[in-house]
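Both complexes below contain chain A, partnered by chain B and then by chain C.
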Partner chain A sequence: MPVQDPFALLGLPRRFALDEDELHRRHLELSLRHHPDRFVLRPEEERLQAEDEMARLNEAYEILRDPVRRAEALLALRGLPAAEGTDQTSDPEFLMEMMELKEQAAEAAAERDRPRLMELLCRINVKLDEEIAALGAAVDRLGAEDGPESTAAAAARAHLTEIAYLRSTRDLLERALIPA
Partner chain B sequence: MSDSLSLPTLPVAGQQPAGPVLGIDLGTTNTLVAVWQDGAPRVLSDPSGEALIPSIASFPADAPPVAGRNALDRARLDPERTIHSAKRLLGKGLADLEQERRLLPFRLVEAEGRERVEIDLGDGRRVSPVEVSAQVLAEARRLAAGALGCDPAELERAVITVPAYFDDAQRQATREAARLAGLEVLRILNEPTAAALAYGLDRRGAGRVLVYDLGGGTFDASLLQLDEGVYRVLATAGDTYLGGDDFDRALSDLVADDLERRIGRRPQELDPAARTALRFAAERCKKELSAAEEADFVFHDPAAGLAFRATIGRDRFEAAIRPLVERTIERCRQVLRDAGVEPADLDQVVLVGGSTRVPLVRRQVEEAFGRPPADAIDPDRVVALGAAAQAGVLAGQSDGMLLLDVTPLSLGIETMGGAVSKLILRNTPVPARAVEGFTTFVDGQTAVKLHIVQGEREMAADCRSLGEMILRGIPPMPAGLPKIAVEFTIDADGLLRVRAREERSGAAAEIELRPKHGLTDSEVENMLKSAWDHAQEDMDRRRSADLHTQLQTVIRSVEKNADVVRRELAEAARSRLEEALEDAREAGPEDPPDRLKGLLDELEEAAYPLAEALMNRVAAEAVAKRRLDEVLDNGKGV
Partner chain C sequence: MAYSDKVIDHYEHPRNVGSLDKDSPEVGTGVVGAPECGDVMKLQIQVENGVIVDAKFKTFGCGSAIASSSLATEWLKGRSLDEATEIKNSDIAQELALPPVKIHCSVLAEDAIKQAIEDYRRKQQQRQEAEQE
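Now for the complex of A and B:
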């Protein structure tokens, strides 16, 4: 089960910047050709092959649609490791801010304070957008000869870690917004 | 019917069946069947023009099971063996059903050796929700054969709809039910997607459609992008424990205090037959409240001598169900958030499911999304119509249309410390695939256990467990060195398969997941062998006999109180009752079921004033007795 190149599968240039309409259009074109619904009355072998091809196309589509997974795929295609959770802690200032945010989120969730939860969610989303833009810049800055220790690669990993923190806090907030 | 005693047949691989593909909406309360015919979907009806098949199956002690309308009549007569709402139990274990358990008139037990619930029929027999659903599906197949004028054996393939929010175990269980009913499932289709398909048929435009689907027992919200015959689901969310049943329950709760005062028992203390009658009463009242500002809650069980009437205003009903409706609106908001779509970007909001007839639901939806919802297609039929449209596509009868659906729940693996590593996130298009690498934790470890879970929570214990698999035969290596690749695939029906392989050793072990809620092949074969299918005349006879028994019970209870009838009933009420009694006495067990049902309905209706009079007497006696006690008490004190 080797890593596939999602950019190649969908016929898109290998870079972070993405034309989303083009991605949807490509995915749709390929779906019309490969979706298993088109093969229901065909022999089992063809059916299973269609399932498999469509699943791979969907996997590539999902990877490209998510900026984080797109960045990770770009790193992987260059043979660079992506962030591994906790071992690449970023600057302590960011960590402090995150812990504070998470605490406030837990508090607001416990008190079912909806306006507060919404406000925190907005703040997180703004920060997420900033981080993702910075991640994209770092990944597209990567040169062909950049190794894992290069500044651009280190910056990309740091942003990935920070995004993981932000997303887990966002998930917590979103769950808290759903009434039991 | 000569074919009716044969076993259901499974299609043989490679042999192309000729009959049409059925589109079946297997609902919590009702089931519908439709086909694609002459370029359009058509809902099929029985000879009396009725399309709704009650999703009920009854398992009499001394006769073959019956399903649908025939079983509905048995609900009050034989409540412990007449199973409704089986959809709520599909793919569930007893532990999942703590809430439901207290509210159902039948007894739930855990199946042996499997985390799966069964119903104890009270006579040494047990049936599974899968078997109940299979009976309902078989009934749908029979109805379709009758409507199409063909042999049921010719109808072997179906598209069956499920709530979008159904998890893997629930989908597997639905598939098993179809297999037991002799149907090959070409596709498990999500209900809101089916509804969008039906709405899109005559409107080839582009746009974003939010489907709000509130059925008898489940709620789904799905957001779709329609684009020249391509239906792309952007996001979906739901609640498999929220539906019209819960509205009925809220209504029963409203009268609980009143009921206790007048009858001396709370709803949950009533016997199974009375609880069934109460459930029907709540449902009737709810339906009336959809059209009127107030309605009577009439609970009437002549056999047990119970009568109760209360007037409920729509405002009280709405206050009681408002939290439930708010929960559905919040799910819709979550769907929009997941897809990154603002309410203003929606082109249409579509209402699906019988429970969307409740005016509060419409108002709340309109308020939340700033536009009146679309309801051009009958909300009871729209899912079946969409299923038939998809059946037409799969059978190659209609073209130029494609559904791109998503998986509703995230899937992952439990890692050290009980956290979940998610491989496939919710709202990923299906078929889906994901691969993730894992490794060993201790030196020389030759096996790893993979615990597969489904859900959005961070800890495995809070998610739904789908099963465990063990990967063996890893050559001894230092911890962290083995490269274990775990591959998840979800097929177009939303069903999961998991494979794991140690890549460094070359000697790869590969395993497929067997869901622990599912049946093994031999179990399915055994169930198929002991299958049913029987003649229409048999069922009619059975139904007539049941109705006749019920009729006799009511006749006896009226006769027993002949003096009350004479003394206390008004002239009009008395003559109506006597006439109904006269007609009922003339009926025999061989009369057609419809006639007996008519006689029973009339007699029950006519006996209501009598039941009321009897209740008043009981109350009056209680008061008189208390007064006497008070006098005696006072006497003692002097």
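Now for the complex of A and C:
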């Protein structure tokens, strides 16, 4: 069941900057109101409706909690699709840098070099935080008139792309750090 | 979704994994990525007298991406540059019986081949220009 507008569903302003406490509070309030336990004695139709509502609320909550999914939702609401297919936008140097980062990660993983893996993970997490902050700034800069070709939209897509590479590298490192 | 036997074979026994010297004038390097999943693929060719004598790859991605690039390096060896440009993603996808959701992996391999050839030709041109000066 697709969530149309997670911001509207949880009664939050449609923007990247988010008050996390407010998000948790809204989610809890609405969950209590629609919790299926309150509908056990109600007709089946109402019960099913409450279940649907609960599922939508949980999905919206998960989307808003994740900064990347939150940014993607904002772009989608403006009719700006996320990047897909093969990467035509990133410059080759950036891709090469990502390749080398992954090579270092794979090497450290093969050698079970935990200090090195931790060091790389820290570096990537720092970069990820920077990229997510930059993504948020780009998304909140988007004006109503900005189309898919606008600078702000292109910047947002570029940050999303970089985050995808960083996250997949982070997953590689985390898998290597968890003892089998 | 089940991988085909050929994908599994390439995944378990990848051919030509490794790197060539990217600074060598005889080597062309292509690096491509898939922005939605963060996969990256590096494909390199070594060329002598217009013929690809060696090809290596390194891919961080799913089994289909690894199989596509592994197969690509096998096909590249012994081909001329013009013959190499004839390798199409649809040939790779067909050979590996890739399902529709994995077609982009074969596109990645085709793009990597094109970039590697372009990189090699650019280097050769630069060398020629340098010699003329």
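We take it that the second predicted complex is superposed on the first by the 166 of 180 C-alpha atoms of A that agree within 3 Å, B and C clash if a C-alpha of one lies under 4 Å from a C-alpha of the other, contacts with A are read in each partner's own complex, and residues count from 1 in each chain.
The rule we apply is simple: a residue touches a chain if its C-beta (ideal position, glycine included) is under 8 Å from a C-beta of that chain, and two chains touch if they have at least 3 such contacts.
This is a predicted model, so every value here is computed, not measured.
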| item | value |
| --- | --- |
| First (chain B), second (chain C), both or neither touched by A:Ala164 | second |
| Touching partner for A:Lys102 - first (chain B), second (chain C), both, neither | second |
| Partner chain in contact with A:Glu62 - chain B first, chain C second, else both or neither | first |
| Partner chain(s) touched by A:Ser31 [first = chain B, second = chain C, both, neither] | first |
| Touched partner set for A:Leu177, first chain B, second chain C, both or neither | first |
| First, second, both or neither for A:Glu51, with chain B first and chain C second | first |
| Residues on chain A lying within both footprints (that of chain B and that of chain C) | 168 |
| Parts of chain B lying in touch with chain A, wherever the complex brings them together | 13, 16, 186-187, 227, 230, 232, 323, 326-327, 330-331, 333-334, 337, 393-396, 402-404, 425, 428-435, 456-458, 485, 487, 489-492, 501, 503 |
| Contact set on chain C toward chain A in their complex | 31-40, 42, 58, 60, 104, 107-108, 111, 115 |
| Partner chain C, residues of chain A touching it in the complex | 82-87, 89-90, 92, 95-96, 98-99, 102-103, 106, 157, 160-161, 164-169, 172 |
| In the complex, chain A residues that touch chain B | 1, 28, 31-32, 35-38, 40-41, 44, 51-52, 54-56, 58-59, 61-62, 168, 171, 174-175, 177-179 |
